[in-house]
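For clarity, chains are labelled A, B and C in written order, and residue numbers in each chain start from 1.
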Amino acid sequence: MAINWFKYSSPASFYVLAGKMIPLFSIAATILFAVGLYIGFFVAPTDFQQGEAYRIIFIHVPAAWMSMFLYVMMAVWAGIGLAFNTRLSSMMATAIAPTGAMFTFLALWTGAIWGKPMWGTWWVWDARLTSELILLFLYIGFMSLQAAIDDPRRADKAGAVIALVGVVNIPIIYFSVKWWNTLHQGATVSVTSSPKMAATMLTGMLIMSIACWMYAIAVILIRTQTIILERERHTSWVSELKGVSS
Amino acid sequence: MSILQGSELECVRGDRRLFKGVNFSLDAGELLQVHGANGSGKTSLLRMLCGLATPAQGQILWRGTDIHSLKGDYYSEITYLGHLSGVKDDLTAIENLRISSALSGAEIDTEKAHGALRQMGLGGRESLPAKVLSQGQRRRVALSRLLVCGTTLWILDEPLAALDVAAVKLMQSLLEQHLNQGGMVVMTTHQEIDIAAVSTHRLQLN
Amino acid sequence: MSLWVIQRDLLLAMRRRSDVLTTLFFFIIVVSLFPLGVGPEMNMLRTMAPGVVWVAALLASMLSLGRMFSSDYLDGTLEQMLISPQSLSMLVLGKAMAHWLVTGVPLVLMSPVLGIQYDLSTDALLILTASLLLGTPVLSLIGAIGAALTLGLRGGGVLVSLLVLPLYIPVLIFGAGAVEASTAGLGAGAHLSLLGAFLLASLVLSPWATAVSLRISME
């Protein structure tokens, strides 16, 4: 993908390329979600410890993975934009942020729903949940900073700095939260010791993860298209585009 | 090749293009006057010359090298006085001068600072906090830096604003002296001012 | 060197003493409010103390971040700093250090007194002060990045809190954790060493990131 994107690094040609790719990723996402959810709800066996409630992991785990991957991706694109002054990569970073924040929120939400039957409480200050919450704060910080800046180039660059600072800090935050957690809670509650997973569970989860990827890519491409249109609205190729569509 | 050269400079602010295809070159002893209506991008051009802003297109060369790769070597040869004078209300005139000189890499002693302020007509007011000085006097504090900086290229944004007749005369002779010694000046001004220079370039922006 | 920047900022702070005192009083008031909110039960207060003092220190340091660059930005001094032949990172380091001397050090000095309000033991008071001494410069250094990025933005004050508070979390955890570990008899050495490591890392990285941010914000 990255190779293609280098070739299509001008917003105008990327706009066209994205328009072709969006249907593919959307269809793939729909099919994979259907298959993954079917496996998750009907094929995967009931867990002997957690009963039916565990089935939330088919959403929860992929969402948590996505939330972290997307933050790193966002920082990488923003960093490339800052270092090489490539507009398109900065637009990608801006486009990734809301989806990343959405997955982070979804991971927290499903975590709470899962936590209620498992631990009898909506929220525990577990190391992973706490880190996920801080990750949400980092996403919100990135988006608010970009939203507060009127000049798009400054917004791109300032966002890149805060995203990169965040990426440097994420491991530090994660390990400090983990240490804090062990100091305070001991081993009373732990999500880490998950029981051995049945093969169908794993398959379901993998399919759901790929489905999330497809969905994320499709949505990010759509959002990038919108950002391109907004930023390039005064250029000739955009006005020609409107002429075609109207 | 001239010492300072700008080629095909383009400036974009938000959605608006302020100017495009601006070229100029400047050699020792030469003056460049930038003209243009309000909002034509004079200040933006001067900020580009200082390396504070990056042109959307084109480049600025100092002795043949792009100023963005020279950085500190270039900064030690220029003095920039913008709209904002960088004069701190809570500091006295002499503290202001000494600190702004230290900032531009040339620390000066109290005696030299006194001399410069006196020459700018601020004798007796050196120890007053800047907040009790008038607009024109604060401007003089800022301008007194030119007397002690010892740099080659002066980039001045409306240096004559808020100055009285006597101070304008003073600035005129100061600029002439600088140009005579092989210095270079880029300035914007709305006031007509006659400055004897080896050659005076005019740049019209619109 | 950045020494004269520190000198200048201290001189300016001396001429505007009220700004310094506001931050300090904010710190004192926030710490004193907690017992009123949760009740005067001494055992609970004793366990809460490190966290409360540290959170208050975080907030106090953050609230004063706006002043770090904004006056220099408004009067044009910041422009001069960007085109100074001296290294911008060193100037920024000087400004962050001055910020710490003006806002951080008074908090450190005041913290033992506030600890007494919470009935902390002498050992705990000592560790609390030490942890603040190591941790508050980190807050100024990290905060400088946020202050530089939000320069001149509307709502910059609230925005800067969104940006820097998540980054303050490790300092909070190990700062407050140092006191808790020492009261639990585990020894605060590990926590304090980690705070020291944070300080060194932020001394190296933050001025550079702040310098980049300033150039972005001033363009």
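We adopt the following convention: a contact is a pair of C-beta atoms (placed from the backbone, for glycine too) under 8 Å apart; a residue touches a chain by one contact, two chains touch by 3 or more.
Treat the numbers as computed from the prediction; the structure is a model and nothing was measured.
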item: Touch-based graph of the chains, sorted into line, ring, star, complete or other; value: complete
item: Between B-C and A-B, the pair with more C-beta contacts; value: B-C
item: Chain A-chain C separation of Cα centroids, rounded to whole Å; value: 32
item: Separation of mean Cα positions, chain B and chain A [Å, integer]; value: 49
item: Whole-Å separation of chain centres (CA-atom averages), chain B against chain C; value: 37
item: Residues of chain C touching at least two other chains; value: 219
item: Complex contacts: residues of chain B adjacent to chain C; value: 50-54, 72-73, 75-76, 78, 80, 82-91, 95, 99-100, 102-105, 107, 129
item: List of chain B residues in touch with chain A within their complex; value: 14-15
item: Footprint of chain A on chain C - complex, ascending; value: 145-146, 149-150, 153-156, 159, 162-163, 165-167, 169-170, 173-174, 177, 180-181, 198, 205, 209, 212-213, 216-217, 219
item: Contact set on chain A toward chain B in their complex; value: 150-151, 234
item: Touch list for chain C against partner chain B, complex; value: 4, 8, 11-12, 15-16, 71, 74-77, 79-87, 91, 218-219
